[in-house]
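In the two complexes that follow, chain A is the common piece, with chain B as its partner first and chain C second.
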Partner chain A sequence: MVASPADLVAKLSSSGDRDARLKAVRDIKNVIIGNKQKKQVFVSLGAVPRVVELLSCDAGGPLLVQCAAAVGSFAYGLDAGVQAVLASGGVAHLLVALSSEDEAVVLAASRALKMVYQSPMAPAAHALAGSALTRLVWLLGAANLCVAEVAARVLARCCDTPEQQAAVLEAGGLGGLLALLAAAEPARREAAADALAALLSGSPAAASQAVRRAVLPVLVKLLGCTAVREGVPGALAALLDDCPALHRAAADADAIGRLAAFLQDERCSSRLKVGTLCALGTLCLDYEDHRRQLAEARVLPQIVRALDDPDAQVRAAACTCVRSMSRSVVALHCSRVGADVAPPLFRRLQDADLGIQATASATLCNVVLDTSPAQEAVLAAGGLATLVRLTSAPAAELRVNAAWALQNLMHHASADVRAAVLAALPWERVEALASDADARVQERAVKLLQNVFAYCTPRDVEAAQAWSGGVALRLLVSSANPAANVPPLRRSHSLYGLCNVAVSGEEAGRAAVMASGAVPHIVASLSDTDNAVRLAAVWCVIALSEPHGKPAAAQRVADLAAAGALAALRGLAEDPPSLDIHERDGDGGGEEGGAGDGGAAGEGGLLPGTGQEVLMRDEDEDVVLSSL
Partner chain B sequence: MERRLANLASERLSERRGVQELQLLRSLRARELHVTAMEQLLGGNGEACSEEELEALNYIMGPSYAVGDGDAAEEEPGPSEPPDYQPPAPCSYLQAGQGFEGRQRVARVVNPQGEYWRVMVRIQELDRGRGLVSGSMWAENVPHAKSPVVTFWEGEVVDDVNHSFITAKWGASRADDLRHWSKFQGFCSFKRQAQRGQGRWATGNCGRLREWPYIFMRWKERFFVNVGEDCGLTIAGFYYVCLERASGRIEGFYFDPSSTPFQHLDLQASCPGAAPRCQSFGTFEYR
Partner chain C sequence: MGRGEASDRRRIQLSEWKRKLDAVKIQKEDTNKLIMNFLVTEGYVEAAHTFELESGTPPGVDLGAISDRMEIRRAVQRGNVEEAIERVNDLNPEILEEKHQLSFHLQQQRLIELVREGRTEEALEFAQEYLAPRGEEHPAFLGELERTVALLAFEDARSCPVADLMDIAQRQKTASELNAAILASQCQEREPRLPGLLKMLVWAQDHLDEKLIYPRINDLVSGELVEPPADH
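Presenting the complex of A and B:
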C-alpha cells in the first residue's frame, strides 16, 4: 500500500517531523521523475510551493537535496511545473542553495537549475551580488561538470546591466569563464561562451574586444556540435552585437554557412531559429559579401517563412534578418530580397508586438527603393496606404519608419510612383510630420520633400505645389531659416529642396524660389558654420544664377548680390574649410580648366578668380576682382 | 561592357576584309610598340628608367615594390612618423543618385574612325568608409540590341585607406595599372609632383588624395540587368575611372586583355532638364 498524492502533499507540512517531511519529499520525487501525469497531479495539489518552502528553511542537507531534486523534476518537461516553480520563488532558493557548504546540496541545486534553464520560460536575469557572485565564480572551477556549467549559466543571467557586468568582473568572473572556455566538454564551453557574450555585451572597451576575439572561434566551432547547438547562435549574436570588428572574422570562419544550415533543418526549434536569425541579421548588417554568402546558402524561403512564425521572437528575429539583407543596392538589384517578402512584411505591420511592427516598417524603408524588385509588390499590396496610415501612429518609431519609407519611395521615383504618393499622402500629413514631436520625424519630412522636387520636370514641380496648396515651398523656406531653431542637417536638406525646385522647375521654379523669401536664408547660409549647410547654399546660388546670359538670370543674380551673396561667397574664398564647397563655389566649369592643371587644391588653384564666378558674370568683373 | 572581339572581327572582316586587315596590322604594330615601351619603362629589357618613371612606379606599386636602387624602401617613414592616409574629401558629384552622360569609344582596332556608344551612368550607392561605390550603366547604339543595354557595376575608390592604385585582380598586372592610370591627366600630375620631390608619396605614403582635384576609381560590371549573358557583349573587364572633382567630368578606360585596348569612356555629370552646371539632389538612406 502506498500513500495517495494528497497524503504525501499533506505530509510535507507535518510540523516538527523532519523525517516525515524528508520521506514525503523523497516519495514525491521518486513518483514524478519521468512521469508527466504524476507531475501534473502533484502540481495541481499545490505540492510545488510546499517543496520550495522546505527548500528555504534550514532543513539540513538530506532534505535540501531531496527538495532541490524534486523542484528540478517539476520544472522539467512540464510548462505548468516550470510556472509553479517560478511562481513560488523556487529559482531564488536554488540560487541560495548554490552557496551551501554541503557539496551534495550544491550539486542537487545545480541539476535543478539546469532543468529550469532548459525551459523558454526560465528567467533571463538574476539579481545576484557580492558574496553570491564570488561563490558562483568559485564554482566555475568545480570538478563536477554540471556545477561548473550551471555556475556559468547563472552568471550569464547576472549581466543584465552595466553595473551587474561590472560586479561579475569585480568578482573575477572573466578569468573563471575564460578558464572554463578551455574545458574539454562542449556543454561547459558553450555555457562559458554564453556567459562571456553576456558579460561583454555592450562593452566597447579594448580589453573586451580582445576577449571577444578569444571567445569567437570557440562559439563558431560549437556551431557544428549538435549536443549544445541550441544556445550557441544566440550567444554568437550577443557576442557580435555592437562589435563590428568581429563580423569579418566570424564570416571568415564560415559562421554564415553553419548558421544557415540550421534553418534548412525542419526540426529547427524556436530557440535555435531566434538565435540563428539574430546572428545572421547581425553578420549581414554591414557587409555585402556576408549578404552574398547568406544568399548563396539558399535559405531565403525559410527566412521569409519565419516572418509568419507563430513564435513572436522568431518573427522579430526574421524581420531583423530581412532588414539586414535588404541594406544594399546589390542585394536589392540581385533580387536576394525579392517581391515575396512584401506580403509577410505587411502582415507584420499588423503584428500584436510593437517591436515587430517597428522592425517590419524599418525593413520596408529599404525594400521600397526604386532599385528594389519588391517595390512594385509593396505598392500592389496596398503598401502606400499602410505607410500613410503609419505616419500618424502613436509610436514615434513607427512614424519615423513610415516617413523614412516614403522618403526612400520618392527617391528617383518614376512618374507613376510619384503620382501615386502624392495621391495617397495628404499634404496635411506632411505638415504634421514636419512639426512632429520627434525630431527624427521632422528630418524625414524635409528629406521627403527634398525628394518630391528632385529629378523631375517643371510639370511635376507644379503638380507638387498644387498638392501642397502652394505651401510646400513655404515649409522648405521656414526650415531653411538660420535664425530658427532648426538643426543644421535639416536646414541643409531644406536648402537642397529649394535648389531642386529651382533646377527641376526651371524658370518658373527659380522665380518661385526668389519670390518665396528664401534668398536671405540662402545668403545667410553661405556663411553658416556647418559645411553641409554652406555647400547646399552654394548649390542654391548656382541654380538661381542659371541659365547664364538670360535677362531673368541677370536679375536674379543682381538680387542675390544685393542680398549680400557676393560678400558671402568672398568669405568662403578667404576661409577655406571644405574642398567640396570650393569646388562648387568655383563651380568647376570644365571650360575653365578647373584645378586639373597640375596644381594641388591647397595651392589656391581652385579659388582666386573663380570663387565668385556665379555672380561675377553679370557684374563688373574688374570691379569685383579688384575688390578681392 | 564591350562587344565580343571575335564576333566583331568576324562580321567586319567579311565586309571590308582588305582595308581592315591593313588597319588591324597597323594597330597591332602600334600596340606592340606600346608594350615594348612599357617593358622599357618597367626595366624589363635591362635599360634604366628615368627618375620620374621610377618615382611614379614606386608610388603606385607601394613601398614593398621599390624599383631602382632601394632608396624608396629606406625612405619609408618609421614609427615616429605615422602615415597620413586619408580618403578623398566628399564631392558633390560622387554621391548616390548622381547621373552622368557621355559616350564610350569602342572598336578602336577595327574601325579607326571610332565607334561610339551613348552611355549613361547613375551612381547607386557610395560607402566612403569602405571606399566602395556602385551604379548602373546604360549603353545605347549597341549593335544588335533593340533597347539600351543596362549593366550593374560595383567599384572601388582609390582612397589610400581601403584601395590603392594597384588593382591586383581582374587580370590586371601592375604594368596594366601603370599604363592605364598614366592615361589620366590627373595621374600625370602626381608624376610631376614626384619629380619635384614634394610630399612623401614616392614611398607609397601618399596622403594627398584627400585634396587632390581628381578621384580615381575602378568600376567592375557585375551583371546585365535587362539582357542575358548571350547578348553578344562581354563584361569580363573593368574600367579605370577618373572623376574631375570640380567639373564632374569622368574619364575611363576599359581594360580586358581580350578586348580592344583603351576604350575611352567620356562622361559629364548631368541632371535631366537642368540648366548647365545645375544639379538636382535626392536623398535616401538604408534603415
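Presenting the complex of A and C:
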C-alpha cells in the first residue's frame, strides 16, 4: 500500500531529497491514472501546482517525465483537474518541455498535452513564436505517433491571427503538415488536417485554395474512420468556412450524407455533434440542393432535438445549422420543418448565451416567412410575446432580428396572424423601434409598417390605423420626407408603405394618404437623386391615380398635377439612368392623363411591370436571405 | 468424404494437386513477414531478434517495447499486479487512463491476489478505497464488483461460489486483456496473422469438400497432403 495522499503531497516539496520527490510523483501518478476519485482528492490537496512547479525547474529527465505524466492525468476526465492544470500554468511548461533534448521528456509532454486538449476547457490558442514553432514543425516528422500528432495539435492552436499563421508558414508548417497528411495512421492525418484547416482559415489566397483542395478529400475520407471521427467534422467546418468554392466538391464526395449519419448515431458525443452541425450549416449556406440533401437525410428530428441540448456549444451549432437550412424556401415550405423548429427556436430566444439568442432570432426571421405551419406554431408556442419582448432587448442585434421576424411574420399574413401580431405588439414598441439608436432597427420598423398595410382589406387598414391611435400614417409620412435626414432606403420603404395604404385601403386609404400631407414628399421624391426613392414615388402616384375614370381619382390626379407631379414625371421620362423608372413612368403618365389602359390590378394582385412587383409591398432580397 | 455421393464430385489426384499448388508463387519475404509478425505479436523477442539477423526481415516495431510488454504480462501472470500497473503507466499512461474496463480488471486482480495471500484486512480496505468508487462511476462494473467482493465473505475463497476468480485462468484473462491493450496502443494487431490464415485454410477445405475430392491437409502441424481414398 502506498502512503496517504497528504504524505505524498508533502513529499513533493521535500527540499533535499530528489529521489523521494521522484518517487512521490510517480506514486501519485500511479494512483490517479484512471481514477477520478483519487484525482479529486489530490486536486483538493493542492497537488497540481506543486507538480507543475517541479515540471518547471530543471529537475532532470526522469522527474520531468513523471511530472508530465501526472499533469496529463490530472487534466484528463476531471474538470477541476483541467482547471488546476490551466490555472497553475501547466500547459506553458508542457509546451516548453516539447523542446527538450530528452526524447522521453518530449514524449511524456506530448501525451500530457494530448490529454489536456481532449478537454473543451483547453486553451484554443497558444502564442508561440520563432524557435518553438520551428521545433514543433520538426516534431511533425517524429517517429512516435503521439509526438507527431500532438505537434500538429499544438500548431493548430498557433494560427489564431494572420500574423501567427504567417509565422507558422514561415517555420515550414505547411510542408510538414502536408507530409503528415499522407501518414498511414488516421489520428495523425486527422491532426494534420485539423491544423491545416486552422492554418488556412480566413486566407483567401489562391495557394491556400489549392491546399484546401488537397486537404478536403483526406478529411472526407476520415469521416468514415471511426477511430478519429470525433474531431474531423469540426476540422471540415473550419476548412469549408469562407471557402464556398469547396462546398460543391465536399457535397459531391457525399460529405452531407456521412455527416448526417453521425447525428443518427445515439452515441454521438457533444464534440462530434458540434463539429457535424457546424459543417452541415456551412455546407447548406449557399446551395439549395445541399439543403435538400440534408432534408432528405432524415436527421431533422435529431437537429431539432439538438436545439435543446444541455451543452451550449451543441445548441449554438444546431442554431447555425437550422439557420442555413432556413434560407431554403423549398425546405421550409415542403415540410413541417418550420413548425418543428419554431418552438425550440423560441426557447433559444431565452438562452443564457447571447450568441445563441442572436442566431435563433435570425433563424426565426426566415422560418416565420410565408410558412403557415410555422406561423401557427409561433402563435401556439407563445412565441409572439417573446419576439415583442426582444424588440426592447439591450443588444441591437436582437432588436434588429426581432423586428425583422415580426416584419416577415406580417408578410402575406393570414387574418389570424395579422390580428395576433397587432394584439401582441403595442404601437409604442413600433414608435420606439422607429426611433431606435441603431439605424438598422429604424429601417426594420418602417419595413414592418410597410407589411402591416400590404395585402389586406380596407377594414384591415382601418384596424391598423386604429391600433396606432391614428398615427401610423403620420410616421410613414414623416420618414418619407426628403427634407428630413432619413437615409434613402428607409424613405423608399416609407413611400411603399404609403403606396400600400392607398392600394389596400381603396378609396378611404387613398383619401387618407392625400390628406396626410404626403403629397409634397411624394412629388419631391419623384426627382430624388436615389433611384429606389424615385421608383417608390412613381408607384405612389400610380396607386393614387386609381381607379381610372372615377371622379375621385381624377380629382387626385389633378391635385398631384397641381403639386408638380406631372412636370416631375416628364423630367423622369427624359432622364435616361434607370430603365425601371422609364417603364413605370410610362404607366404612371398614362394613369395621370386618365387615358392609360395598363393600370394596377385589383387588391392583393400584382401590379404590371417587369418583376419588380415584390418590391411594391414587401422586401427585396432580404425577405429570404435574412441578415447574412 | 467417402460417402455415397462421392462419385458426383470431381476427383483430383495428388500429382495434379501438387502441380497446381506449385503454380502458386509465394514470395519468400511474405512468409518471413508472417513469421516475424507471429514472433513479435506473441512476444518472442529473442527469436525475433535472431530471425531478423538470419532472414533480414525487419520486425517493424521496437523490440525493446516488446520486452516491456512481456515483462508486464509476466508480472500479472505472477500475480504482481501493482508492478504491472506501474510498468504500464511508465510505458504509456494513456492506456489505463482511457481503458476503464481494463483498469477495473487490474484492480480486481489486485484484490484477488490480496485474498490469495490471505491479507483479508488489506483486501477489504483496498476494495473500499479503489474498487467501490469505480463501481459507482461505472455501473456496468457493479455485477463483477459484487462477485469479487464476495470472495471476502467466505472462509475459504477457493471453495466458494465465486472460486473461479481465484483460478490461474483469471490471471491469464487479465494478462491477455492488458497485453492486447498495449498492442493496440502501439498500433499493432492483437493477434498474429498466422492462426487467422490457418482458420481460413480449414474453412476453404470445408467448402471445397462439397465440390471436389482432393488431397487434404488434415494435420495442421505436419501440413501433410493426404491422398483421397480410392473410389469404391
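In this text, the second predicted complex is superposed on the first by the 539 of 628 C-alpha atoms of A that agree within 3 Å, B and C clash if a C-alpha of one lies under 4 Å from a C-alpha of the other, contacts with A are read in each partner's own complex, and residues count from 1 in each chain.
Just so we're on the same page, contacts are C-beta pairs under 8 Å (C-beta built on N, C-alpha and C of every residue); 3 or more make two chains touch, one makes a residue touch a chain.
Bear in mind the structure is a predicted one, so any value in this text is a computation, not a measurement.
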Would you sort A:Cys499 into first (chain B), second (chain C), both or neither based on which partner it touches? first
Would you sort A:Gln357 into first (chain B), second (chain C), both or neither based on which partner it touches? neither
In the overlaid three-chain picture, which partner chain does A:Trp404 touch, first (chain B) or second (chain C), both, or neither? first
Per the contact definition in the header, classify A:Asn366: touching chain B only (first), chain C only (second), both, or neither. first
In the superposed model, does chain B or chain C contact more residues of chain A? B
Could you say whether A:Thr457 touches chain B, chain C, both of them, or neither, answering first, second, both or neither? first
List the residues of chain A that touch chain B in one complex and chain C in the other. none
Going by the contact rule set out above, which residues of chain B touch chain A in the complex? 89-92, 97, 124-125, 132, 134, 152, 154, 185-186, 189, 192-193, 208, 210-214, 222-223, 225, 244-249, 268, 271-287
Contacting residues of chain A [partner chain B, same complex]: 288, 323, 326-330, 333-334, 362-363, 365-366, 369, 371, 401, 404-405, 407-408, 411-412, 447, 450-451, 453-458, 493, 496, 499-500, 502-504, 506, 535-536, 539, 542-543, 546-548, 578-580, 583-584, 586-590, 594-602, 605-606
Which of the residues in chain C end up touching chain A in this complex? 85-86, 89, 92-94, 96-100, 103, 122, 125-126, 130, 133-134, 137, 187
Touch list for chain A against partner chain C, complex: 1, 26, 29-30, 33-37, 69, 72-73, 76-77, 111, 114-115, 145-146, 185
